[in-house]
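Have a look at the structure that comes next, please.
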Amino acid sequence: MEFFIGLWEALPDGLQTVIWILLKIIAIILPLMICVAYYTYAERKVIGYMQVRVGPNRVGPKGWLQPIADAVKLMFKEIIIPSNANKALFLIAPAITLGPALAAWAVFPFDEELVLADINAGLLYILALTSVGVYGVIIAGWASNSKYAFLGAMRSAAQIVAYEIAMGFALVGVLVAAGSLNLGDIVRAQSGNGGLFSWFWLPLLPLFGVYVISGVAETNRAPFDVAEGESEIVAGFHIDYSGMAFAAFFLAEYANMILIAALSAIMFMGGWLSPFQGWPILGPLFDWVPGFVWLVLKTGLFAFLFLWLRATFPRYRYDQIMRLGWKVFIPITIVWIAVVGLAVVYQLPWWFD
Amino acid sequence: MIYAKRRKRMSTQEHNAPIDLESGKYVKIWQGPQHPGITGNMALELVLNGDEVVDCKTHVGYLHRGFEKLMERRTFIQNFPIVCRIAVPEPTFNEYLYAAAVEELAGIESPQRAQWLRTLNLELMRLASYLMWLGGIGASFGQATIYQWTVTHRDYVLDLFEEMTGARVYHMYIVPGGVRAGLPEGFEDRARAVLDGVERLLNEIEKVLFKNVVFKARAKGLGIISKEMVDPYGIVGPNARAAGFTRDLRRDEPYLVYDQLDFDVVTGTESDAYARAKVRHQEMREGIRMMRQILEQMPTDGPFQAKMPNVLHWEVPAGETYVKAECTRGEYGYYLVTDGSQYLRRVHVRGPSYTHAIAVMEKLAVGTNIADIAGLMVSLHTYPPEIER
Amino acid sequence: MTFEKFIFYVLAAVLIISATMVITRKNPVHAALSLILAFVASSGIWLLAEAEFLAIVLVLVYVGAVMVLFLFVLMMLDIDVATLRAGFIKMLPLGILMAIAMAAELILVVGPENFGLDKFAAPARHAADYSNTEELGGVLYTVYMYPFEIAAVILLVAIIAAIGLTMRRRPDSKYLDPANQVVVKRKDRVRMVSMDAEKG
């Protein structure tokens, strides 16, 4: 043991920092990947029950090993590169999609203390990275040299740009209300004696709705999954991908969904705060629950909502999605930002005083 | 002002100009023959301007199996196992029409009880086919849950078929002169239970699909069949009824026991995809109502098969006949010519899918969005195996 | 060499190589992707200079939105390289002249006598809780209020003009207003007709 401590101290300071950061990154990525794997399992089970089926139940006890079997299968599949595809871009596209989806977690506060990079502009950082993720889709669609993939990429590009604006405006409302771009400060601004009624979802209700719906659109999920619209353009941008290259898109999509769910919990549902904070009897009763548990529960709520939406909604048509984004959401957010601005200036009681 | 004028001129020019694929303004894209948005094996050759379809050509022929020719080389009884394969999801209508045509030529009258059983069989088939279709309309608009629900309930209906006929899909239940068997014991109760289940499902689908904002926004106004289009294009069945016609062969020229049943004709006011779906949704309820009456009024004893000649050496007198019935997609007809031998001289099957899937589809697809092609195709309710036979 | 300097040199090398690739690649999509890489690298350099707001906004606005639309257009264009290069030799002298003029201008303006290291002191290091974003916002909305607002109005005018110029109505388009579509009721679509069967 002492030998290892000695070895560690023998390392230069800079290297120590780098190794320490790398270990922290692994500590975030590894559980995240397991979450993603079991989120796909949850999706198949939840949608299965909604569709009066059982869902996967063959691999392992109650189908618990299904995601692992899927991963093994995808790993051993050949990655077929279409002829006339742009090989370099074709192979780099899944990495470009997956990278930002994982990197965005760097500024995410799991708890009062637990955050990898507690930077001031955390909100901007997340917005920037989620907007970079679209390149994977565009490049995949273009490099595949397929009309279906190309149509999917075009749709995805237009859709993500449109909904990013609505999403950004919704977050502007949050940062006006919280007075900070730091995710931890945003959560702290929501703590109050009203428990769950002190959170931002109530004063920012329209922005909350816009944010969640834009989040669904941003991750290309049903009912906004026109980029892969199965009955229209078969599988859209990833039609020509197979094996691990396809799995990377898949992982990125689910990592993004978990991220959007977790961000909704942070921005509007009080992050790690207890919903009974400050309540007479229930408040002290639930004091022992660690904040991380509340965060996970809230994230799970939104994650379930995404699955629920997928099972119950038909797909929007592309031009209708554009109409919703530009003509409905953006005016709503602009009006409500003005309302929030006034509320903050005049220190509206309960939330902004 | 000037801009407005120039814009207008440009757009009319664009509209009238022949489609030049080399200009780079258009993309040609094929849907099918293998494509999740196409029912069965047929192909649509679409020319797109952006997301808008400017030209649509249908390509059929992937499923041509030459039934009409095959039937000329088989004896009358040997044709039974193949007619039901003409339209895969609803074989019973083919069996009935072929049996009715042969009976008419041979001068055989099927007994009363067989007629009730045939009506029950046909209506069950209609229900099963509509259930599959309703799932298809959900799936084509991206709502996969409906499909799983309806296929589950279709399976219950197929269970009834299995009890009634011994087979789930290709029953060969209706034979010349009657039907093969009567109903097993307790069938009525089990049938009623299945019908109740389907009715509950229909109420649920009403809430989940027909009241859904997204479905309304997608399906309403999609592929409008005007009243003027119905006759020139030979549009029949629910597609014509959705346009406001009250044409239903079960009502207009009743066959079997339809004149003893109480049911309403479902019509629409404007035949868009939404109305076509709604009309069929409502027709399923009427079908359930009819089947309840059949189960109530059906004679439980008596012969279910007429006296038949030796079918192995069956020579049907020379003649010709056209027999038609209202299948799920509209008027379905068999034209038979015999020359007094053991074989048919000529058969022609008139299926509604032919006009709906080719002429009507090519007309309606132009101007719609590529995303709506699958929904439009399904809303017309066509079966490629029936187009080509 | 400190770690920071090492990162700077890596980013600078990536920036220069990708910027060169923007003008040397024949395929316009590759050129646009190189430009995106150049943006990302320069945003990294800005991060080193503690300008985190500018760095993130560069990625957010230019990489995340503007270049997406650029790519959107470039991918749909079918650019014929041969016709683009048709007048290359004929125009070469003029092109060289232009290039020399531009290079000279750039050297004169951003040369070491104006922007040399001795002209600018190294920016002071700030504490970890110093917010570049807040400072920028404060200055933008107080000192530079009017220029900022005027720039915003000019951009708004440009947006409206661009939409006005490109909007055209297509008489043959079957566009439907979703607002009208969603108000449809069952009775608008389905009519039940009770009729007697025709006997015979």
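We just call them A, B and C in the order they show up, numbering each chain from 1.
Just so it is clear, contacts are C-beta pairs under 8 Å (C-beta built on N, C-alpha and C of every residue); 3 or more make two chains touch, one makes a residue touch a chain.
Just so we're clear, the structure is a prediction, and the values are computed from it rather than from any experiment.
Relative to the centroid of all protein Cα atoms, the closest per-chain Cα centroid is that of A. Set against the Cα centre of chain A, the chain with the most distant centre is B.
Distance between chain A and chain C, defined via averaged C-alpha coordinates, is recorded as 24 Å. With centres taken as mean Cα positions, chain B sits 44 Å from chain A. Work out the mean CA point of chain B and of chain C, and you get 52 Å between them. For chain B, the set of residues touching two or more other chains reads 217.
Looking at chain C, one finds that residues 178 touch two or more other chains. Annotation for chain A: residues touching 2 or more other chains are 319-320.
For chain B in complex with chain A, the residues that touch the partner chain are 27, 29, 35-37, 51, 138-145, 148-149, 152, 208-209, 212, 214-215, 217-218, 369-375. Residues of chain A touching chain B in their complex: 47, 50-53, 147-148, 151, 222-223, 225-226, 229-234, 311-320. Only residues 78, 165, 168-174, 176, 178, 181-182, 184, 186, 188-195, 197-199 of chain C touch chain B when the two sit together in their complex. Listing the residues of chain C that touch chain A in their complex gives 3, 29, 33, 36, 52-53, 56-57, 59-60, 63-65, 68-69, 71-72, 75-76, 129-134, 175, 178. Remark: chain B residues 3, 7-8, 10-12, 14-15, 24, 52, 210, 213, 216-217, 220-222, 242, 244, 246, 250-254, 258-259, 264-270, 272, 274-275, 278-279, 282, 367-368 touch chain C in the complex.
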